[in-house]
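These are the structures, in structure tokens.
Paired with subunit B in one complex and with subunit C in the other, subunit A is shared by the two complexes that follow.
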Partner chain A sequence: MASWTLIVPEGLLLAGALVALFAEVLFPGGRRAGAWSGAAFAALAAAVSIAAGSGAALFGGQFAVDPATQVARTATLLLTSAFLVWLGGAGLERERVREFAALVLFASLGALLMAAARDWIVLLLALEAATMPAYVLMGFDRGDDRSLEGALKYFLLSMVASLLFLYGMSFVIGMSGSTLLAASRLQPGAVGVVAAAFVFAGLLAKLSAAPFQWWSPDAYAGAPAAAVAFVSSVPKIAGLFAFARVVAVLAPQTAATGPLLAAAAVASMLIGNLAAYPQTDVRRLMAYSGVAHAGYLLVGLATGTVAGTQAAVFYAIAYAVPSMGVMLVAAQYGATLDALRGLASRRPWVAWATALMLVSLVGVPPLAGFTGKLYLFTAAMRSGWVWLAVIAVVMSAVSAGFYLRIMRAMFFGTDESGEAPIAGSPASAAVVVACALAVIVVGVASSPLLAAITFAK
Partner chain B sequence: MPESVAAVPFIVLAALAVGGAAMVILSRNVVHAAFWLLEVMMAVAGLFMLLSAGFLALVQMMVYAGAVSVLVLFTVMLTLRRREDAERPLDLSWSAGLIALGVFVAVGAAVVSFVPPAVMAPVRTPGVTEFGTQLFTQRALPFEIASVVLLIALVGAVWWAGGEDR
Partner chain C sequence: MGISDLLSVVVFLPLAGAVVSALVPKTRPEVAKWVAAITMGLGLALTVWIVAVFDRTASGMQFVTNVAWVPQAGIHYHLGVDGVSITMLALSSLLGLIAVIASWKVTDRAPTYFAMLLLLQVGMNGVFLALDFVLFYMFWELVLVPMFFLIGMWGGTRREYASVKFFIYTLAGSVFMLVGMIALYLHTGTFDMVALAKAGSTGALGIGFQNWVFLAFFLGFAVKVPLFPLHTWLPDAHVEAPTAASVLLAGILLKMGTYGFIRVSLPMLPDAARAWAPWIAVLAVISIVYGAAVAFAQTDLKKLVAYSSVSHMGFVMLGIFSMTTAGLNGAVAVMFSHGVVTGMLFLIVGMVYDRTHTRQIADLSGLSSAMPVMGGLLAFASFASLGLPGLSGFVGEFLSLIGAWQSAVIPHWITVIAAVGVLLAAAYMLWMVLRVVLGKPSEVLRGLPDASTRELWVLAPLVALTLIVGLYWSSLLAFVDPAVKALVALVGGAA
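Entry: the complex of A and B
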């Protein structure tokens, strides 16, 4: 196939976003037509991404798709499509859907570009394109002050993160005389360390890893749960992927990389897992869970080996699927533990699927979370980071406690509100069940997927 | 021209930029702070001129000094109801100072240890024509992504500014 087909998924997402914006004009009467058409465009883009394969670099080497990039892009597109199917089925509580769907497609477009970026400037702009829709999604309840406050915190911290990244990046470009990632040269001495530290700090903040984690619980708790479901999961695959690219380029040139990332990993795992315990709001709980999982991902990157990077990309997918699924359930049936009480008797399929996804997040075999953690921690042990792997294993065990609290509420709690059960649509329930099935499939068929995550040099 | 004479404009402009930046933080009135910001931007434009970056200086003047500072003033005008609201307490916290000091030390160390690579400097300073050609040929992809980013910002702003469902 011609190499230009590699960028067709981006074009389809852009077209999908524009169609979603005008959906009510194009498809009269369809209140959620934006979500449905967006889901179709994203699914088509996923098919094109699979068919186009991987190949030569475009735009003078600024954009390239190797097999690992293709996996990350396809996973992003499939999750985007699933999310939009859910949105079409369930809708939003008060607000209309079409801008929401368009912004989701824009964020997905940015994520695709981020995964394929091989140039610092393209990477920065793609990062902005992926996070800018997220600010609006987090504050989508425009009449709700808490939602807007959370969105503002997210916006301000994210802007600071972008500036840190931009500043570090300008040093790197100045030292290497080229904007291509592969041509990056760090000078020995303070300037190289400072440049790398600024770049990493910016990317850590975008990944909501410690010590830049404090915005995420507030932002998530104020935001509509449907927005959290998307923002906390789908763009993280591409974000982690871009992070892995940058680490692969900079790590061999400065010895500070491993210790910096390991410190951030330990802090994220400790803060995320311990602070999740007292939470009663599922959004806050999943925010801390996201911080903890960013820590596991950083374990893989801190090793600085190909196996560690592969495992981190795999785990990003293994985390994104159940994280999105659980938050979709929270978006539809209530975002507090109390609201989920007795869900098993009202919606047995959804409750069992959610339980399966939570178990995967803990890391129980044979699910995706287990195999992902196995790859990550083995990679850490093999490259000499034994203590880091030990902390990660202990913290995974600790995490079982707060995920089980959600399960206990669903299965053993009784619904005391006396309200009528919330109507679920077949499409949205099917998406939740599909996420649970994906967790099993990714877990069982992990070795071919891991083998597909190969980096072109 | 001897080194010491060439350094004079740089020192003047740098002092204007740093002093203005300090005044942005220290001035009690938000409107005054906005005008100091304008002064910083103009000083930075002058620094770009010293580096023979004519196009950047022009963009700095038009976009930052021209548009952004007017935007800041408009925001102040639209959000403050009374004249007294423009006054703010001087908030100098230790933690912010420490972070600023840390960043200053880190960046200072970086700049001091930076060795300019010898081969990179072009023979002739590229002009606006070369810049434009680059932007629309080699840099077409980032240019297009930037326009998508602006489109996203537009959609988001319209959503937040919009009233009840129409």
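Entry: the complex of A and C
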């Protein structure tokens, strides 16, 4: 197949976003047509992404798809499609569904580019393309001050992060005389370390990893839970993937990479897991959970080995699926622990699917979360980071405490509000159940996925 | 289908049953219990078949299945049984069926309840059959989830606290096991537990490495056993759990810990095991004496049985770390007998509680005059528990003590204190029997019915096994002995 087919998924997403924006004109009367058509475009793009294969590069090597990139892009597209199906069927009285759908598709487009970017400038642009729509999504409740405050914090920190990244990147480009990632050269000594540190700082902030995590709990708690469900999970796959690319290029050139990333990993795991404990708002809780999981991902990157990077990409998928699923449940049935009380008796299927996803986030086998952690910790210990692996496993056990709090509310609590149960739609429940099934399949049949995550030289 | 596939069927049949049970509509709860009973009955029948065709003279693994699962990470789907694991599998299959029949009157969210019991069975059977470390860990952890829900959704008044404590305690232990497991893999390049046992016994692993891996596994296994001072989750979980869950918790889940020591710590890390044995023996003896002493002080019958478990599991640990043939045979015998006898005790306590809604010893005095059959069975189970010769409890404790005395690694004074523990067990059990069975009839018991036919059927197989193993030791030890001898030869302990 011609190499230009590689970029067809991007084209389909762009078309889908434009269709979604004008959905009410194109499909009169269909209030959710934007979401449904967007889901169809994303699913089609996923199919094209699989069919287009990998191996070729476009635009003078600035854009390339190797098998691992293809996995990251396909996973992003499938999750985007699933999210839009949920949005179409959620039965929420959310105004402006079409804008929401279009923004999601734009963000997803940025994420796709981010995964395939092999050039510093393209990477920066893709990063921005993925983040810009997210600012709007996070501030989607225009009338709510908390939502605006959260979105503003997200915007400011994200801008700072971009600038840090840009600053570091300018050093790297200057030292290597080329904007291609593969051509990056760091000069030995302090200047190389400083450049790498700035690049990493920018990427860490985008990944909501410590020490740049403090924006995420406030931003998430103010934002509509549906926006959090998307922003906190789907773009992270591509984000982690781009991070892994950069690490693969810079790690061989400065010995500081491992210690820097390991320090960020430890801080993320400690802050994320411990700060999640007192939270009663599921959005806040999942924000800290996201920080913690960013820490596990960094354990893989800190190893600087192919196995570690492979495990991190695998884990990014194993994290994104249940994280989105749990937040979708919170978006539909209530974003506080009290609102979820007794969900098991009202919506048993949704509750059990959520329990499965939470247990996977804890890392209980044979689910995706466990398999991912097994690969991550094996890679870490193989390259001598035994103490890092020990902190990571201890923190996994600690994380059980706050995930179990959600399960306790759903299963052991009884609904005392006396309110009529929220009507769920079959489509949105199906998405949550599908996420839960994906967690089982990825966990049990990890071998083909792991085999697909291979990197071109 | 060859006979080796039978093991896979035994493991995953309950999973199919769990799915079917979960899909039973809420309006027909009685269907779920039949699904569960038929699944567990089939599982038991298959297990009996496996036991019948098992070659009792061989020491190695039998009915082995081994196919690659995740080749990139060296993970295999690898099952097999030897004399130790077949004993545990038989116990697990039997108690699984008994747990279902003992839950016959559960109507609250019955489809989910029976699905959880069946899911638990998958994990329990799997742990004893898995020969790949990752598979072993999967089944090990799988057990946590259904037990968490069984305690948390159908438990007593403090069920939320007890279920979370149980989950986090055991998870915290087992994550260290994960680290140990990965370390072994990186050192030897395999997750194959048979190959790892060989590697351990040929001295391929240095003592420094062995020591810290041993510690990692110790944390995982000792929490499950539970060994003093890691036992504090047990009384809470036992007391709050519904009767069937208590039976499986005491009968099977605790044995997973000691099974881990036998299957992993001893053969794979023999040098570290020898070095640590005296210290573990000290903890075992503290468990024996402390469990007995605390059991003495209990006013709640279920708590008394729970603490007696701590004491009995101490004997298992003592037998294992004697690293002798007699001691290990004794350890496995106690594991089996404790599963049967403690299962019986929890069932009787549950049956009495269903009638009286109290477990206070003071409220239950004169049980045998109000319910002669129930009282008699309680006395029988108590005698078996305290180790009366002729009943199953005696064999294992006797052999464990012999083994500990013969052992080259355990000082004699430890064995002497453990023997005193036997007397303590006799004392607290007899005192309980004195108060409950023979005491002045309590008002609470007036006019309550004696054991029903269903209840007698639940207890009958356990009574029969207690007598058979007690009177005819070799019925059990014929299975265990070859595997134990091979293990002792492998770790190079005294014969």
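The definition used in the following text is that the second predicted complex is superposed on the first by the 453 of 457 C-alpha atoms of A that agree within 3 Å, B and C clash if a C-alpha of one lies under 4 Å from a C-alpha of the other, contacts with A are read in each partner's own complex, and residues count from 1 in each chain.
Convention: contacts are C-beta pairs under 8 Å (C-beta built on N, C-alpha and C of every residue); 3 or more make two chains touch, one makes a residue touch a chain.
Because the structure is predicted, anything quoted here is derived from the model rather than measured.
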Give one of first, second, both or neither to describe whether A:103 is in contact with subunit B, with subunit C, with both, or with none. first
Based on the superposed arrangement, let me know which partner A:187 touches: subunit B (first), subunit C (second), both, or neither? first
Looking at the overlay, does A:41 come into contact with subunit B only (first), subunit C only (second), both, or neither? neither
Check the residue A:155 against both partner chains and state whether it touches subunit B (first), subunit C (second), both, or neither. neither
Would you check which partner chain A:139 touches, where first means subunit B only, second means subunit C only, and both and neither mean what they say? first
Would you sort A:393 into first (subunit B), second (subunit C), both or neither based on which partner it touches? second
In this superposed model, does subunit C or subunit B come into contact with more residues of subunit A? B
Mind working out whether A:447 is in touch with subunit B, subunit C, both or neither, as first, second, both or neither? second
One more residue to check, A:195. First (subunit B), second (subunit C), both or neither? first
Taking the two structures together, which residues of subunit A meet both subunit B and subunit C? none
Quick check on the complex: what are the subunit A residues that touch subunit B? 14, 21, 58-60, 62-63, 95-96, 99, 102-103, 106, 109-110, 113, 119, 121-122, 125-126, 128-129, 132-133, 135-136, 139-140, 142, 171, 174-175, 177, 187, 189-191, 193-195, 197
Give every residue of subunit B touching subunit A within the complex, in rising order. 106-107, 109-115, 117, 119-120, 138-142, 145-146, 148-149, 151-153, 155-156, 159-160, 162, 165
Mind pulling up the subunit A residues that touch subunit C in the complex? 348, 352, 359, 362, 364-366, 370, 374-375, 377-378, 381-382, 386, 389-390, 393-394, 396-397, 400-401, 404, 408, 411-412, 446-447, 450-451
Where on subunit C does subunit A make contact in their complex? 22, 69-73, 112, 134, 137-138, 141-142, 144-145, 148-149, 152-153, 159-160, 163-164, 167-168, 171-172, 175-176, 178-179, 182-183, 185-186
